[in-house]
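What follows is a set of notes on a single structure, which appears directly below.
Labels A, B, C and D are assigned to the chains in the order they are written; within every chain, residues are numbered from 1.
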Amino acid sequence: MHIRTVGLKGLKTPIRVKEKNGGLQNTIATISMQAQLCEGNHENCVAAFTSILDDYLGEFSVASFSSILPRLQKDLQATSVRLEMTFPYFIDKKAPVSDTHSLMEYECTFSGGIGDDDGFILSVSAPVTTLCPCSKEISSGGAHNQRGEVTLNVKFKNFVWVEDLIEIIEQSASCEVYALLKRPDEKYVTEKAFNNPMFVEDVVRKVALLSLEHPDITWFSAGVESFESIHKHSAYAYVDSDEVR
Amino acid sequence: MHIRTVGLKGLKTPIRVKEKNGGLQNTIATISMQAQLCEGNHENCVAAFTSILDDYLGEFSVASFSSILPRLQKDLQATSVRLEMTFPYFIDKKAPVSDTHSLMEYECTFSGGIGDDDGFILSVSAPVTTLCPCSKEISSGGAHNQRGEVTLNVKFKNFVWVEDLIEIIEQSASCEVYALLKRPDEKYVTEKAFNNPMFVEDVVRKVALLSLEHPDITWFSAGVESFESIHKHSAYAYVDSDEVR
Amino acid sequence: MHIRTVGLKGLKTPIRVKEKNGGLQNTIATISMQAQLCEGNHENCVAAFTSILDDYLGEFSVASFSSILPRLQKDLQATSVRLEMTFPYFIDKKAPVSDTHSLMEYECTFSGGIGDDDGFILSVSAPVTTLCPCSKEISSGGAHNQRGEVTLNVKFKNFVWVEDLIEIIEQSASCEVYALLKRPDEKYVTEKAFNNPMFVEDVVRKVALLSLEHPDITWFSAGVESFESIHKHSAYAYVDSDEVR
Amino acid sequence: MHIRTVGLKGLKTPIRVKEKNGGLQNTIATISMQAQLCEGNHENCVAAFTSILDDYLGEFSVASFSSILPRLQKDLQATSVRLEMTFPYFIDKKAPVSDTHSLMEYECTFSGGIGDDDGFILSVSAPVTTLCPCSKEISSGGAHNQRGEVTLNVKFKNFVWVEDLIEIIEQSASCEVYALLKRPDEKYVTEKAFNNPMFVEDVVRKVALLSLEHPDITWFSAGVESFESIHKHSAYAYVDSDEVR
């Protein structure tokens, strides 16, 4: 058995990520890396990895993977390399009525490999509001609702932006979530959710439909966890493109 | 500086905890312990601690601390000892309409010291529903609501049960939370929360009032975190008995 | 798109798990469940699920899945069902020299499905000591070492016990880990680790070899994370049976 | 009981923090805030808070608290305000022999109040290596060692920098920890730790001594948790300036 793995996990480092609008965003990535080596030793590999990575951290994007992975593979003399970076990503959102600006945080993961385990996956997690259709239907007033979290993972043929996946997610729930809302905004989001009741499986189905329609997404999986306000556990639904095609 | 501390953190062990109704409940405690020693060495202390603890784990209660702490102090020749145990605790709850039984999980902490840092604190965390009064008032239908978590910490003169603190917490929110609800129960909890809107500061004030009225509670602090369904952050309120007397 | 999922996540409940030695161990499981339904509604499904589960929690084992899954599938009229239970599991270990007994905690997961996503996976995570061969070789005294965590996931033809996987893991590292050690034990484990230096990829290779040799294991994957004492990040290695056969 | 709290928890936002060397560092803060109000309503308060905070996030430092808190108090018409910000902070470290540069991550908290609960606390957590004196003494080779985490909280009369607290912590353990080490560095840190064995209480005592000697620190508390390589639990020691003066 010729296993010669070099791997690290949980390395944090500041990076700057390209935004869809052309800007550069400062954030902090948690990195894991694995390489299957032909030969070589540990110490040089981690140093080589870190040194290569340094060349890209100042202006990182999904596209960086297509040049960083072959370089890692060559310099490490590796049969395969896998790299994963998770980071918070902020978007300037306008409140729906008052237009008040605030920064909303999302969690993104870039995950790519070359060699045995190739392919690139872009993942985004975003909070949403879910409002229970059953609770609304049977109750004389109100309906239980709660924060949920949608995670969407995609493969694509042409580059897809983090912003595109967030848009898919936020169109798919009872209402989207904001960092700052004024009084008229709170009225708007309350009523929007109340008029748009969805179970977790409704949310996951909507995410799936929008992902299927997207011209560049070639594979996806989506999970929705709803932190039920009437229970201590979550409601959960999952779907991937293998199930729906 | 004569610091001779023996301490451990994160030790997990099965225990059986006395229930208010006379039963014994199997659960798993995460234990931390600290002792200030006059003399002695590490190894013997941790062994002594574990061996003493073993005598109590089969039938543990708040009362166990008043015999375990002096024994630890004496055997370890310690000037002070501090012991903390956190464990999940289950209560058989009946759904409000259908009477369906289910086990609901709460988190409890027993924390006590002898010597410099004496006194015993009983803590319970319980999930609740909070429904926003402002959202209800301004919206044409519905109101945002969400799961919240209330933590109540108390000192007392006569023993207070975990069950007593859970009762205080569950009376203080828009609605209590259940592990299992059938259709008529879901209607009930939805309507109860809708008719009982409370901000986090309303919940904390109610917990404070009930704690002040309790004949055996001599000190308390309470925190309420509400996992807002319209935001990614939480609303939070805190009060302790020093502030309200 | 006909997605009708019923799912829940993060439900905690007390269970009793069968031990290899014939005993029954009280512990607390965190449960997630997913079903793809032909028809039916939410409320009844979760209630049905909970009610079926209740019949098994008093004496749970790997074997329970082969009767619980078909029953869930039938009662829920589901095309597929997936169930996952994670729980701490304690084993009475003897210290290597003094024979002192103590309870050591491991984390186990039973994960099984019926329908589209069938098959059962048994997973165990166990802490170990790893001691760096490179550090030992180049240093005039000592060698950096640290706690590591090994996770082994297996499929099997005849039932394999949690105890069997723990045995594989604990034979595969620089040294195994204990809840309580006396002075002569501490000398033993220090020297054993020092005489048995292993990188994470050495540990993962040993786990793989022992899993390949096991007559009942038909598939496995293993990951080793070492919480490096000289870094803030972890060293990590992974292998599965597809890579080594 | 006149409790009118406005509070939030878990709000994430990008900030730029002043470095001791004059630079500005981009990082991401997790913010909690609490205010006791005379009058006013929720919505305006959170908006006011966010708007005030925005003026400072571009160039934040310990000093910002002395202007942000009075402004919050005045604008919110609050009797007291409490603000807490936790963020990762990176320092460019040189490896001890090869001088290789790498960014090392620390966790910092700024916590300050005005009104009933005034005073400012600066906190830093840093990873270190601890090597067990007992294990070294009794063993024929090696000694168990592991990553530990030291948390130092201080009050001061003249501003103290995060960098100053990191320096105190990293001088107080068996060895400091790095993000990147080459072969000669690994030899150096292994030998340094082996020649410098310390129990957690030795580390906490050293941190306490250096904090007492610091001319600007007026109060401190320090905790050391050592993730024992031979156990699944941690060794832990704690001290504060009230105990040692």
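Operating definition for what follows: contacts are C-beta pairs under 8 Å (C-beta built on N, C-alpha and C of every residue); 3 or more make two chains touch, one makes a residue touch a chain.
This structure is a prediction, so every number in the text was calculated from the model and none was measured.
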Tell me which of B-C and A-C has more C-beta pairs in contact.
-> A-C
What is the chain whose Cα centroid lies farthest from the Cα centroid of subunit B?
-> A
For subunit C paired with subunit D, centre-to-centre distance based on mean C-alpha positions, whole Å = 35
Express in whole angstrom the distance between the two chain centres, defined as the mean CA positions of subunit A and subunit C.
-> 28
Where does subunit B touch two or more other chains at once, residue-wise?
-> 11-12, 43, 105, 134, 179, 181, 183, 186, 232-233
Contacts from subunit B onto subunit C in the complex sit at residues 11-14, 25-28, 43, 46-47, 50, 88, 90, 100, 102-103, 105, 179-183, 186
If you look only at subunit B, which of its residues touch subunit A in the complex?
-> 104-105, 127, 129, 131-132, 134-136, 138-147, 175, 177-179, 181, 183, 186-187, 189-191, 193-195, 227-233
Per the touch rule, the subunit D residues reaching subunit B in their complex are 1, 3-12, 32, 34, 41-43, 116, 134, 199-201, 204-205, 208-209, 225, 232-239, 243-244
